[in-house]
Amino acid sequence: MTAFLQVEGLQKYFPIGKNFLGRPTQVVKAVEDVSFATERGKTLGIVGESGCGKSTTARLLMDLSPPDQGRITIDGQAYGKGAGRKPITALRKRMQMVFQDSYASLNARLTIEESIAFGPKINGASDREASTKARDLLDRVGLDPDNFIRRYPHELSGGQRQRVNIARALAIDPEIVILDEAVSALDKSVQAQVLNLLADLKAEFDLTYLFISHDLNVVQYVSDDVIVMYLGQVVESGPAQAMYSTPAHPYTAALLSALPALHPKDRKTRAPLEGDPPNPISPPSGCRFHPRCPFAEPMCAETVPLLADIGGGRHVACHMRVPGSGYPDVRPIVTVAPSPTA
Amino acid sequence: MFLYICRRIVYTIPIALAVAVVCFSLVHLAPGDPLSAVIPADAPAEVVERIIQAYGMDRPLPVQFFAWLGRAVQGDLGFSVATGRPVTQEIGRALGYTFVLSLAAAAIGFLFGILFGTLAAFFQGRWSDKLVTGIALFGVSVPHYWLGLLLVIIFSVQLDWLPSLGGGSGSWINRARYLVLPAITMSFIPMGIVTRTVRSTVADLLGSEFVTSLRARGLGSSRIANHVAKNAAPTVLAVMGLQFGYLLGGSILVETVFSWPGTGYLLNTAIFQRDIPLLQGIILTLSMFFVALNLLVDLLQTLFDPRVRRN
Amino acid sequence: MQTTPKSANALKAADGGKIATKSRGYWATVWLSLSRDPISIVCASILVLLVLIAILAPAIAPYSPSQGAMVDRLLPIGSPGHPLGTDELGRDMLTRLMYGGRMSLLMGILPVFVAFAIGTSLGLMAGFFGGWVNTLVMRTTDVFFAFPAVLLAIAISGALGPGLGNSMFALTLVFIPPIARVAESVTTRVRLLDFVDAARASGANSLTIVRVHVFNNVMGVVFIYATSLVSVCMILAAGLSFLGLGVKPPTAEWGLMLNTLRQSIYVQPWVSVLPGFMIFTTSLCFNLLSDGLRGAMDLKR
């Protein structure tokens, strides 16, 4: 299988706390062995509670923090550490990102034009080309260039600012755009408008989206495929429709049952998820979800379940769903930090 | 907690060492021979050689530094070139005067600073607040040596109430009379800053939800004031500690105006007589006091407010 | 060329016509709000006036700053021909106060200006690159923070010996660490904002990011802080001259004039406090202007 975008074994541990020798005393396993793939022109949704590692995954892909391990392949070209691979930094020309905070992601001291033209300029465009590009893109995201091009971020509404951020991301002609909670901070009505705009832009520029959000409704609305993350690991992946109608992992089921039902017939038969996710510094043994799982058996606390194919392009990591999905011999939980590579 | 205190103390050692290096290098910043004050211009070459050897100036600088530091740690800062007395003895006498003056100035400055700051925080936006902000502004804008001169003109020259020069002698009352003017002058240095700090800290607290909830629970003003004081204490304490340090080390100008025989006055003398050992000794002593005071303030602050420790 | 998507046109319609307000740059906004603050305007006018007088002193001063007649020494304020009296050598006070502003303003502003340039660069580097650069710069400033500013200035210029250059050097050295510290903390805060990540993601190198994105966000805050230091520097500089560590006589400088006139407080007390009054006025104006600027720049982030 050679998908357009393929991510394999992405991993990032953050050291926290230092002892007298400056060695880390603990690590946060923010992203552990995360793999996924998507085709050109599709939207891949990434969902999970806050702190599950979705945003860290995005930052690793953009090389905003260097991954400890992992390989990224786009269109057959591999990126990452190792022979025959380009450095991840080279990915940046093909991949761009829109952040959640529309205000913090624009430099308050630059005009809209300067912010959008910055990317093209440092990638070799002349001032005139960059300026033309900025005007064109502003028009594409529904902001009248004559009216907006000389304005400053504080003069715009949240939705307008986020559209500027989208234009900025498109300014260096990426193939993939990561939308990290890009519409989460917007009002519901504005959210819908921006989502429609994103869909149109995707078709127009032949883009592939990685859509990161905690909002399951929005993810269902925009995504072709979805991966569900829990405490830095992927617990389920597959086509959006199938996953939303028949969730395979108990965690996915719990997340979905937390959504309000649209019809009284569909009312909840089980209590939604209780409590907060455990501390990622010392995650639970075995399946990380087992302390909150209504179906947990003793083996869930002992063996780490692996993602197993359950047909229809779907994968799930759960002993209860796929018996014997753990490692052949019980693998001890990794507690020692790998030598820092950064 | 205990570990934090230990770490904080250990962290002070390299700072103190670096401060010593700076004090030592000051002498070598100076143009010309540091011994020019001791050696007569017409001294024969071999005499010059002997003096240089006697002072150890022929050895490499690092060796000189550690020899100097080693002696300094044992309380030997050499001899004053001008008077021939041990530097520690000279400083010791002056330090007492500076300490008394700084303490008196701090007492006046802190008292009025806290008073004005609290008043301004309680009556925000009214004329009293404006007045107090004006006083604070005056405190940070006025050249205190000039203020000292003004006080001398008014209270010594015109009214002839108080003496203006020297440290006084004889009875306790007489000595105190000499202290009044320099202490009032110096008290303006911390007063402005303490007023500002108290005002902003207390104003923040009064506007916070924490105080609103206390009011909602029906606590009386005095109980609320008690809570506010407790929460404002760490910030205000830190500022006051630093300000006391500045008073100790920064009294030179005021001491010069009033000929108050403290360390500042002594430093002034040392500079103009090019009395290098004395100069080095004073600066080392004062800066070490400041380092120690910083440490003390930090530790006290931690004791009051555990959140500070995170920094 | 592709066409504008339908959703984009819908959004344009939703935005309505033009935004009513005129678009202004950040500094234009600051300037506008500053020009509406009466206190700032008064202080700025006084300072401009003082600077003009200092520059034009040779043309407008009634007498020579260094020549006086001993028969006219220590005349009171309001004497005929000498509206502000004369000093202990019979030189005209008005003239000397005019000339004195040249040195005093120079010694008050230039060290802060140089320290601003050096300190901001150091702080930007330390804040943006972090790691050992940060450790090196910040631990060095820690050492200088272990001295009270007054003591440090006096110690350095005392060790170097009296002179204009030496005292300016000492003052510059005193103001670099606090400015570097403020610049470092602001840079560290700005560095963590998303737009820096966005710039990095578009492929910019560190130097470009600092130049285009970090510098203009750090500059403002550090600039306000530096303006508040000018008043401190004025007082300190005049203080050095007052001790005899600054300029040498017979040069006119407010601090030095205060020192030499100190002997005359019993004869002409009010003439002898004039130079101090000038220092106070200038320092007060700088403080008020700095406060006004802080308020103006606070309006918008």
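Worth a mention:
Letters A, B and C mark the chains as written, and numbering starts fresh at 1 in each.
The definition used in the following text is that contacts are C-beta pairs under 8 Å (C-beta built on N, C-alpha and C of every residue); 3 or more make two chains touch, one makes a residue touch a chain.
As the structure is a computational prediction, the values presented were derived from the model and not from experiment.
Steps from subunit A to subunit B, minimised over paths through touching chains, total 2. Ranking every chain by how far its Cα centroid lies from the centroid of subunit A, the top place goes to B.
Once CA atoms are averaged chain by chain and compared with the all-protein CA average, the nearest chain turns out to be C.
Distance between subunit A and subunit B, defined via averaged C-alpha coordinates, is recorded as 55 Å.
Measuring from the averaged C-alpha position of subunit A to that of subunit C gives a distance of 48 Å. Separation between the centroids of subunit B and subunit C, computed from CA atoms only, is 24 Å.
Within subunit A, no positions touching two or more other chains are listed.
Considering their complex, residues 2, 4-12, 14-15, 18-19, 21, 23, 25-26, 193-195, 197-205, 208, 212-213, 216-217, 300-301 of subunit C touch subunit A. Listed in rising order, the residues of subunit A touching subunit C in the complex are 59, 62, 64, 89, 92-93, 96-97, 99-101, 104-111, 115, 118-119, 122-123, 139-144, 147, 150-152, 154-155, 160, 163, 165, 168-169, 171-172, 193, 196-197, 199-201, 204-205. Across the complex, subunit B is touched by residues 139, 142-144, 146-151, 154-156, 158-161, 231-232, 235, 238-239, 242-245, 258, 262, 265-266, 269-270, 272-273, 276-277, 279-280, 283-284, 287-288 of subunit C. Taken together, the subunit B residues at the contact with subunit C in this complex read 14-16, 18-19, 22-23, 26-27, 29-31, 137-138, 140-146, 149-150, 152-153, 157-158, 245-246, 248-250, 252-253, 256-257, 267-268, 270-272, 279, 283, 286-287, 290-291, 294.
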